[in-house]
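Listed after this line are the structures, all set down as structure tokens.
After this come two complexes, each holding chain A, first together with chain B and then together with chain C.
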Partner chain A sequence: MTPNLSTNIGGIQMKNPVMTASGTFGYGPEYAELVDLNQLGAIVVKGICLNETKGNQTPRTAEAASGLLNAIGLPGPGVAGFVREYMPFLRQYDVPVIVNIWGKTIEEYVEVAARFDSIPGVAGLEVNVSCPNIKEGSALFGTDLKMFERVVKAIRNATRLPLMPKLAPNVADIAEYARCAEACGADAISLINSFPAMSVNIETRRPMLANKTGGLSGPAIKPIALRLVWLAAQAVKIPVVGMGGIASAEDALEFLMVGARAVAVGTASFIHPDTALKVVRGIEQFLAEKNLATVADWVGAFDP
Partner chain B sequence: MQLEQAIVISQQPIQGGYSLLHLRSPGIASQVRPGQFVHIKIPRLEECVLRRPFSVFRADGDTLTILYKHVGRGTRGLKDTKLGETLSLIGPLGHGFPSPQKDCFPILVAGGYGMAALYLVAKQSPVKGIAFFGGRSAQDILCVPDFEALGWTVRVATEDGSLGQQGLVTALLDDWLERERTNETPEFFVCGPSGMLKAVASRAIARAWTAWTSVDNNMGCGVGACLTCVLKVKSGEDWTWARACKEGPVFNAADILWEEIE
Partner chain C sequence: MKRRPLMFWVLLFAGIVAASWWTLHIPRDPQALFRAIPAQATWLTTHKNLAGRWTDIAANPLLASVASALEMEPEEWREQASSENTQEFLDLLARDEIVLAYVPEMRSTGEPAWVFSAWLGGRSQRLRWTLNSLKEASLRQAASRNGWGVWVWTPKGMRDGSRITLALVEGMLIGCISPDTLAIEDVLACYDRQLPSLADDTGATTSLTDDSADRGWFRMSGPNPWGPRIHYSLKFLPGGALAGKVYAPSAPSMATPVLPANSLSDFSDIMRDIPSVALVADRALVRGWIEGGFNTPVGREVAGLLHGEEPGALAFSLVGDPYSGRFNAVRLPTLLAAFTVDDPTQVTARVNAAFDRLNAIYPWGLVPQLAMVGTQRVYAIESTAGSAYSKMEANERIAYAPLQQSVLFSSNLEGLTKLLRDARREATERGRFAEGLQRMRDGHALGYLWIDLERSAKLLRLAVTAWSLKLMIEDPMGSQPTRQKLNEAKAWIDSLAPQKTLEVWARPHQDLLEYEFRLGGEE
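The block that comes next holds the complex of A and B.
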């Protein structure tokens, strides 16, 4: 018996519970020669904001022990550029496309979300809140509960698409953010974004990143992510998409076991572009071995 | 571009902390063009989350050769690979060197392992030209016989004077341009440290000669997805980022914002 891997994330119907993490898989075409995109559960594209942006100066990434620091700074083609350059390509595939959106102000988030509402081929929106509100004191939307609530509510009113806020990991109480997203009408939540971190060079006395600090991702953050996903999943009824350091089917099964209904593969795609597909096959094999008919039978199987 | 499991067929330390690695990699070897690179997963280095990029030095039949310098964990790990071991490669990657123009005189300029990126240019060139190789000492001057065997002239400069003319390779190049250049228009193919690229680029640009420069930016994904490897290039009156792994690593020197490169 082949286990049924299909899963539904807040209205987004997926063949399997494995998506790509935003910013680690480009906009789709970059990996298409190496990976059969049709076999992915969903593609989450690099963050898009209203207008074209250039992002940070270089160096933008640095390796850390079992991890990667990045401060790419969200460069991108803007909504119109993305829709023109990448949507025709993405529409050729039988895979849900989730657009990761961000903004510098609440108004900008709202406008980006509203614009995607009428774009054919967009299955849902993931909202990156790990960026500063430049209009109001530069606090991150994702680490100030009031601002988080305002931005999620405002976006909810602007779109009918499935909406998935992506939680920042560096908050005191992740459950609060998860519940807030649910109360504002989000259809799902995803977590975690990369963890604020830095690395320096003792010879040059300089930071390793032009931006001085960045976000840590990769296997180094997996135990942190797993705990936060576990806490968030207990706090809400809407589906949770877990990510942070997933590099194998076993890693993904851990996230599903603590309550995630889908997972995303990020940094691991850089070293093995086919990681997401291997994770899909490994989950399928594991479920078959355990005589589980569906992936839903494994979600939340944790016995604390 | 493909993912290929390549097999180590020989590993050859050459001199001064450089090695040659011969790999059976039929898929990539048959596709690679001059100046392209492969992205290698270093075995056993599980704490490193990135691959390491290396130019393809030679491609003969189903075999690829990498010429590399031992600089850190990854390159040391590459040195420890065993005969018969498989290595995961992604390649061929990037936009390499164009074929030298028939009505120009091709000039290669390289520093250290930069020579590796230029061998296939020399091999596939319709015209035999001259190569200027530079380095700190004789230890950094690599594979001169390979280029001579193709019928190219090789001139060498070392900073400590242990081989060839003492000084920078650009001084050697200047002497040649001044005294020995014929009437043909030079076309440059350059790979090496950024200071050297910049110096050759400024000479070429000042005289409206074409220079193709291969940049050595740090890379993440190697396929255009992560936006790690970017550099500033001209775009009308403005500038834009170009990805060294995709639009590069070879750029027309006239397009690069050299003042932004350290």
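The block that comes next holds the complex of A and C.
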């Protein structure tokens, strides 16, 4: 018996519960020759803001033990550029396209969300709330509950697309943010974003990244992510998409077991571009071995 | 010899008169004219008393122009139109009513044919005797079909080897023009009610919308012979003008809108007397047409841009030198489209959003690039897709400018730039375009079209010539058929130029849309 892997994340129907993590899979074409995009559960594209951005100075990445430190700085073509250059390509595939959006102000978030609202081929929006808020000072949208509430509410009012805020890991109570997202009308939540971190060179006495600090991703953060996903999944009824260090089907099954309705493969795609597809096949095989008919039968199967 | 009483002679005379009357008189039955026309006809035209009106009709310069487009010299046309033979021919066939129809496929032959029927009444007997006694090489009597006498006439100069097959039935001459004389079998079978005819379709005969002497209808070919038709009527006016009405199916709820007095006044100030073609229409009407007929992503975006809560108008104009533009280096008239918008400040955002959506569907990569004409913002629409359009010169690209009440799109940036510069320089006086807007309001119309035929013919002729030249240079042999068609198009353009102006008003008429037009004559 072939298990049914399909799942629905806040109105986005997916063939399987494995999507790509934003920022690790480009906009799709970069991996299309290596991976059959149609076999993915969904593609989450690199973060898009209102206008074209260049990102941070180099070096932007540094290797860490069991992980990757990055401060890319969200370079991108802006809404119009993304729609113009990438959407015709992505529309060729039978896979939901989730656009990760970000802004420097709430108005920018709203503007970006509104512009994507009627773009054919966009299945949903993932809201990156971890960028600095220039207009409101140095607070981060993702780590200030009031700001978080304001931005999610504003975006909710600007779009009819399924909305999935991506939660920051460096908060005191992740459940508060999950509940807040649900209360503000989010259709799902995803977590976690990379963990703020830094790396230095003792010879040069300089930071390893031009931006000084960056975000840590990869297997190093998986235990942190797993805990946060477990806490968030207990706090809300809306679907939770878990990510953070997933590199194998076993990793993904752990996230699903603690309550994630779907998972995203991130840093591992840099090492093996087809990791996400291997995860899909591994989940399918595992469910078949356990004689489970659907992936939903495994979601939340954790026995604490 | 016994002398007959007077009463005998009176009765004998009355008997002869009665017999003659009985033989020659056939009660007029106009519906019978349609019995001869196959139901699958796609074009029908009926004419009353053509013979009596022929002198006036033949003098209409439009017919001479049409004849010229059909490669008949004007002198030859005048000669033939005014000849005694033509008048006699019309006296014989067209003193009452004549019906002509085009049938795209006759059942018997599978070929197209022209079918006609003319009411002769008692004169049909005289014609029968004439045809029987006539010694003419081009006319021969064929075997009768369904009991009706049939003659085949092969006049000289008929195209495609077509022949005219005639049949005389009760008070009517019916016939068809087709290379295959077998086609008359369909016509007679229709008349004898063995095949469906237009007489079986009340819509084809009774819904001819007015009692004009010249009227008819046409419809698109299709499997359903009773599909919707577009009816028309014509009036040949003194002075060589032609007026008429065309009735097309329309939404029943269509109401006449009130066009606000200042609608498109900003565009009107730019146009002044410049355009040689101008079309003004109710914005909601055009939007409805686009939504109904062009349900594509592009159509939906255009309809979206035309959306507005307030009554508004949309206008098209065609302008020539010095406001022409170029397309791949070929100089062409500039086509302009302007429509009122509820909130002009939102135009750029709405256009950008439309581009976003189209770019998401098609690999066009449309990008608006700002260019300033004085203080006026103008956006040239560029493409990043590497297509033929993206390789065009910047001045050749489509452009738009948000105006005070409306937005103006142009087929090229060059023409738009010149228009905006000149509009700023010259005093804004009431021009031909503004008059057109007023005539639309006065006529309570949903739409109004005005064409300066002399100027637009010149424009179109230049454009066609330039295009033909380009084709000849690029592919002398391969482009020959296309260039031939372009030459024919030029002949038609020239044939209409002497009419000077064409005006068309569109307005609701019951559940139809009425297009009233006037071609030529004094304004």
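Some notes on this structure:
Definition applied: the second predicted complex is superposed on the first by the 304 of 304 C-alpha atoms of A that agree within 3 Å, B and C clash if a C-alpha of one lies under 4 Å from a C-alpha of the other, contacts with A are read in each partner's own complex, and residues count from 1 in each chain.
Simple rule for what comes next: contacts are C-beta pairs under 8 Å (C-beta built on N, C-alpha and C of every residue); 3 or more make two chains touch, one makes a residue touch a chain.
Note that the coordinates shown come from a computational prediction; the quantities given were computed from them, not determined experimentally.
Once the two complexes are overlaid on the shared chain, A:V127 sits clear of chain B and of chain C alike. By the touch criterion defined above, A:V18 lies against neither chain B nor chain C after alignment on the C-alpha atoms of chain A. In the overlay built on the shared chain, the residue A:G55 is in contact with chain B alone; chain C does not reach it. Of the two partner chains, chain B is the only one touched by A:D274; chain C is not. For chain A, the partner that touches more of its residues is B, with chain B and chain C as the two candidates. Judged by the touch definition given at the top, the superposed model places A:R115 against chain C, while chain B stays out of reach. Judged by the touch definition given at the top, the superposed model places A:E30 against chain B, while chain C stays out of reach. In the superposition on chain A, contact of A:R84 is made with chain C only, not with chain B. No residue of chain A touches both chain B in one complex and chain C in the other. Residues 79-80, 83-85, 87-89, 91, 115, 118-122 of chain A touch chain C in their complex. Chain B meets chain A in the complex at residues 1-3, 41, 46-51, 88, 90, 217-218, 220-221, 223-228, 230-231, 240-241. Residues of chain A touching chain B in their complex: 23-26, 30-31, 33-34, 46, 54-55, 58-61, 63, 65-68, 70, 72, 75, 218-219, 267-274.
The residues of chain C lying in touch with chain A in their complex are 297, 352-353, 355-357, 359-367, 384.
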